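Please find the structures below.
Okay, so subunit A shows up in both of these, paired with subunit B first and subunit C after.
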Partner chain A sequence: MTQVQVLILGLLLGGVYALMASGLTLLFGVMRVVNLAHAAFIVLAAFLSFFLWEGAGIDPLVSLVVTVPVFFLLGMAIYRTVFPRIEGSPRFTEMTVLMTFGFAFILEGLMSKYFTGIFRQTKPPYAQDAIILGDLYVPTGQLYAAITSAVFLVALWAFLKYTRTGYGVRATMQNRDAAQLVGVDVRRVSTVAFGMGMALAGAAGALISFVFPFYPSRHWQWIAILLSLVVLGGMGSLKGAVVGALGLAVISSFVSTHIGAVWAPITFFGALFLMLMVKPEGLFGKKARA
Partner chain B sequence: MTDIRTVDQATAPATEQRVPSSSRWWVLGAVVLFALALPSARFLGSYNYVLQLATIAFMWIALASSWNILGGYTGYISLGHNVFYGVGGYVAGMLLLELGWSPFVTAPLAGLVAMALGLVAGLITYRAHGTSFIISTVAMLLVVTLLMDNWSYLGGSNGLSLPLPGFDVSWLKVPFYYAMLVAAIGAVILGHRVQHSKFGLALRAIASDEVKAEMAGINTRKYKVMAFAISAFFPGVVGALWGYSLSYLRPVIFLIIAVAARMVLMSIVGGRGTVAGPVIGAVLIIAIDEASVSLLGSSELNLAVTGLLLVVTLLFFPLGIVGTLREHNRLPAWLDWD
Partner chain C sequence: MALLEVRNVRAGYGGGPDILTDISIDVEEGRSYCIIGPNGAGKSTLLKTIAGLLRPRDGDILFDGESIAGRRPDQVLATGVCFVPQDRTIFPQMTVRENLVMGGFLLRDKKLVEQRVDELMGRFPRLAERSSQLAQTMSGGEQQMLVMARALMIQPRLMMIDEPSLGLAPQISNQIFDIIRSLSSEMGITVLLIEQNVKKGLDVAEWAFVLDLGTCRFEGSSAEILDDPRIRDLYLGQLAEAAKESGDAE
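And now, the complex of A and B:
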């Protein structure tokens, strides 16, 4: 395999990781919530796509119109029922880590029980196909997934940049108290942002359903990778998450080709440890408030 | 030192005004005596189930109490502490296979190796705070799992079989029972010593406000790394014993994140940063486990119950059983081991 080929595969993979990580970093940026259950929700969305595919023959790319709104509503409901209770606690972020750690186990347990631990994958025709360009090949499944991810990320960026609510979200990311002072309804912005973070998980779930085989306990592997690249990019920075995802996915794809596929995840964790030792706040992060 | 004391009093005002009581010593003494005498029930019939359950409970008391040194006193939450448990299991297992040394003898050594690894982990992560620290412990767990799954010398993901100890089968569980009991008592005493030492004071100062602690002249870096190392010792010890009692070692036994979740859950349910908390939490969670597996009949739903308990505890009693009772001045003297 040529180096260009490895690069292409890495970039396609990175596109999907970027979407998976974007919801995570949005939640942290706006609400200081670290959602350890993010990947578990992604797996749940993948199951939703899978059952739509198996049961009704709906293409996973079409099932986005179901998973995204469903997860948006689910996100807002979760935010409203759980988070106001712990909002005032002195170590809020740490509390959210533990709380979502609990969510992850609840989801994994229920999914293992009712959906079983069998490896699943939706198999639309394009998922097994590839475009051949000379001696290079581009797997169409991953290509479509990466393109769809890019569309969602651009839409997210445009929303944050050009809409009034998006403006409020960015203000809240920069300084929650100041945003409140200048009249941003932080509570509403947080609810919407949480819904959007979960909607991004819903979108990522539909995409990974044909890119990776999945099973309930697989989410730990993903959340560790996602958290590593979010820390690397700087917690709460969308740009950081995208750059981290693309960069690390490319490196891991080289590791996978030249050293062995099982060692690919080490790239992410190794990069995390290096970053923690050199620049703990990450590439694009603000100095951490302890 | 005066500065540190002020920080400490701000976090735990209740400890200073406690009425000294001897009732807890009676209760603790009775519990330990009962535990020591329990294996003699073997003469009355087959008590293997009870012994096994008690052995498991002792193991979790040791694990949760150790986690509490870092996660409770210091306020640094580790979601990868089962790494040290696994390392202990493998170190003792390999010493048994390669040199024929019994894990009953090498368990403390396995603890020391785990401690050395804890020191390394502490040195890598001491610059990370709060969330980044938690994430790095998850990453540490996954790195070690990946190594263990693919290290053919250690049997990879299929693991290794260990020879059984050469005792009479009907008494097989008894030495494990006593060894775990010793480990559990050791871990609780360690927690108590830490609580009452200058070292523990520094840890609690770090937990309440790391910047102020640093200002007060505490070498926070040194103390955090030390807390990490010390909290790794007993997980290594009980890992060595547990692997031997199962007679096989496999990464999934030690390294699935649910094991780490248990340590966290037990400490939080019982009360983080208290001596009695992890003990109460461990016993309670083991009891709930037994009940839920026999009622629901499924280990998958048991996982969901674990998660639900964590969420409910955090929402309604974030201080845990011991912490909540103390806050309302309802903590019975026999539960106040601090």
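And now, the complex of A and C:
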């Protein structure tokens, strides 16, 4: 396999990881919530797409119009019902880690009970196809997933950059107190941002449903990877999550080709260790204030 | 009727003790006030409570005759009360201009926001020079200037400023005090200022409230307060306490 081929596969994988990680980093950036259940919600969305595919023959790319709004509403409802209880706690972030860890277990348990632990995958025709360019091949399933991810990420960026609510979200990410002082209703902004973070999980779920085989407990593997690349990019930085995802996916793709597939997951954690030793705040992270 | 009336307010943080035990003050429109008092007197807590960052446990706060106690910060701001806290709350990764635009978040009218940003750039040439620079790259004095200019975006009637000179070189803090003076003298904004440097604070403001242990002990014109022997006692008293405590610790 040529180096260009490895690079292409790495970038396609990275595109999907970037979408999976964007919601996670958004929740941390705006609300200081570390959502350990993020990947579990992605698996739940994948199941939703799977059942739409199996039951009604709906293409997973079309099922986005279901998973995204459903998860947006679900996210806002979760935020409003659960988080006010721990808001204002001096250990808020730590508490969200424990709480979402619990969510992850509950979700995994429910999915295992009702959906069983069998490997699932939606199989639209393009998922098994590839575009051949000379001696390069581009798997169409991954290509479509990466393109769709890019569309969502650009939409997210445009929302943050050009809308009034987006300004409110960005302001809250940069300085929550200052945002409050210029009149941003941070509770409302947080609710919307939580919904958006979950909507991104909903989108990622529909895409992975045809990119990776999945089963309820698969989320642990993903959340570990997502956390490592979010920390690497800088917690709360969207740019960091995207750069981290693309960079690490490409590196792991090379490791997998040249050293061996079993070593690929180690890439993420190795890079994480290195980053924490050299620059603990991550590539684009803010230094913690003393 | 006073512009701002604080009536028997009691407030504190989380489940902690009362920081403000029972405080009442009246603020008249168009004048400038300084709040002084030893550390822990409740000066910052008072401003945070008025700004809506802290909910009073008891008592009432009236602005222009209307109760604003317990409202959200954005709702308090919408009435024309703005707060400039002591930690230079800028948006670090936004440009100076974007920071000012954020100050007009409540205005909703893009044209009006642009117009006011341009006005403020005219008033603060230093900010105009740095218009497209990221706010985090500016000096402490410039950041303080930016936060005050940002607060002016909504054309507030009352501006509360907490220790604007904290950590600034004397020359820079003098510039900041000049700006604060011009707020009331040129723009007719009512100013409520906290200043650790009592002399400086009294020099800028016309009237002073002296806080201790969460209540307003006494008030008076700046000239009166400056000569009041009780002021020395208050600060010296605290020093004596501190000396005693550290003595106990040993």
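Just so it is clear, the second predicted complex is superposed on the first by the 288 of 290 C-alpha atoms of A that agree within 3 Å, B and C clash if a C-alpha of one lies under 4 Å from a C-alpha of the other, contacts with A are read in each partner's own complex, and residues count from 1 in each chain.
What we mean here is this: a contact is a pair of C-beta atoms (placed from the backbone, for glycine too) under 8 Å apart; a residue touches a chain by one contact, two chains touch by 3 or more.
It should be emphasised that the depicted structure is a prediction, and the values quoted were computed from it without experimental measurement.
With both complexes placed on chain A, subunit A has more residues touched by B than by the other of subunit B and subunit C. When the two structures are aligned on the shared chain, A:Ala178 is found in touch with subunit C, with no touch to subunit B. Look at A:Ile132: by the touch rule set out above, it reaches neither subunit B nor subunit C.
In the superposition on chain A, contact is made by A:Leu276 with subunit B only, not with subunit C. In the superposed pair of complexes, A:Arg164 makes contact with subunit C only, with no contact to subunit B.
With both structures placed on the common chain, the touch criterion links A:Ala56 to neither subunit B nor subunit C. No residue of subunit A is contacted both by subunit B in one complex and by subunit C in the other. Residues 28, 34, 82, 85-86, 89, 91, 93-95, 97-99, 101-110, 112-113, 220-221, 223-224, 227-228, 231, 235, 262-263, 265-266, 268-270, 272-273, 276-277, 280, 288, 290 of subunit A are the ones touching subunit B in the complex.
The touching residues of subunit B, when paired with subunit A in their complex, are 75, 77, 79, 124-125, 127-132, 134-136, 138-143, 146, 149-150, 210-211, 257-258, 261, 264, 268, 298, 300-311, 314-315, 318. Of all residues in subunit A, those touching subunit C in their complex are 88, 90, 164, 167-168, 170-171, 174-175, 177-185, 187, 286.
Across the interface of their complex, subunit A is touched by residues 14, 51, 53, 72-74, 77-78, 82-85, 87, 89-94, 101-103, 105-106, 108, 147, 150-151, 153-154 of subunit C.
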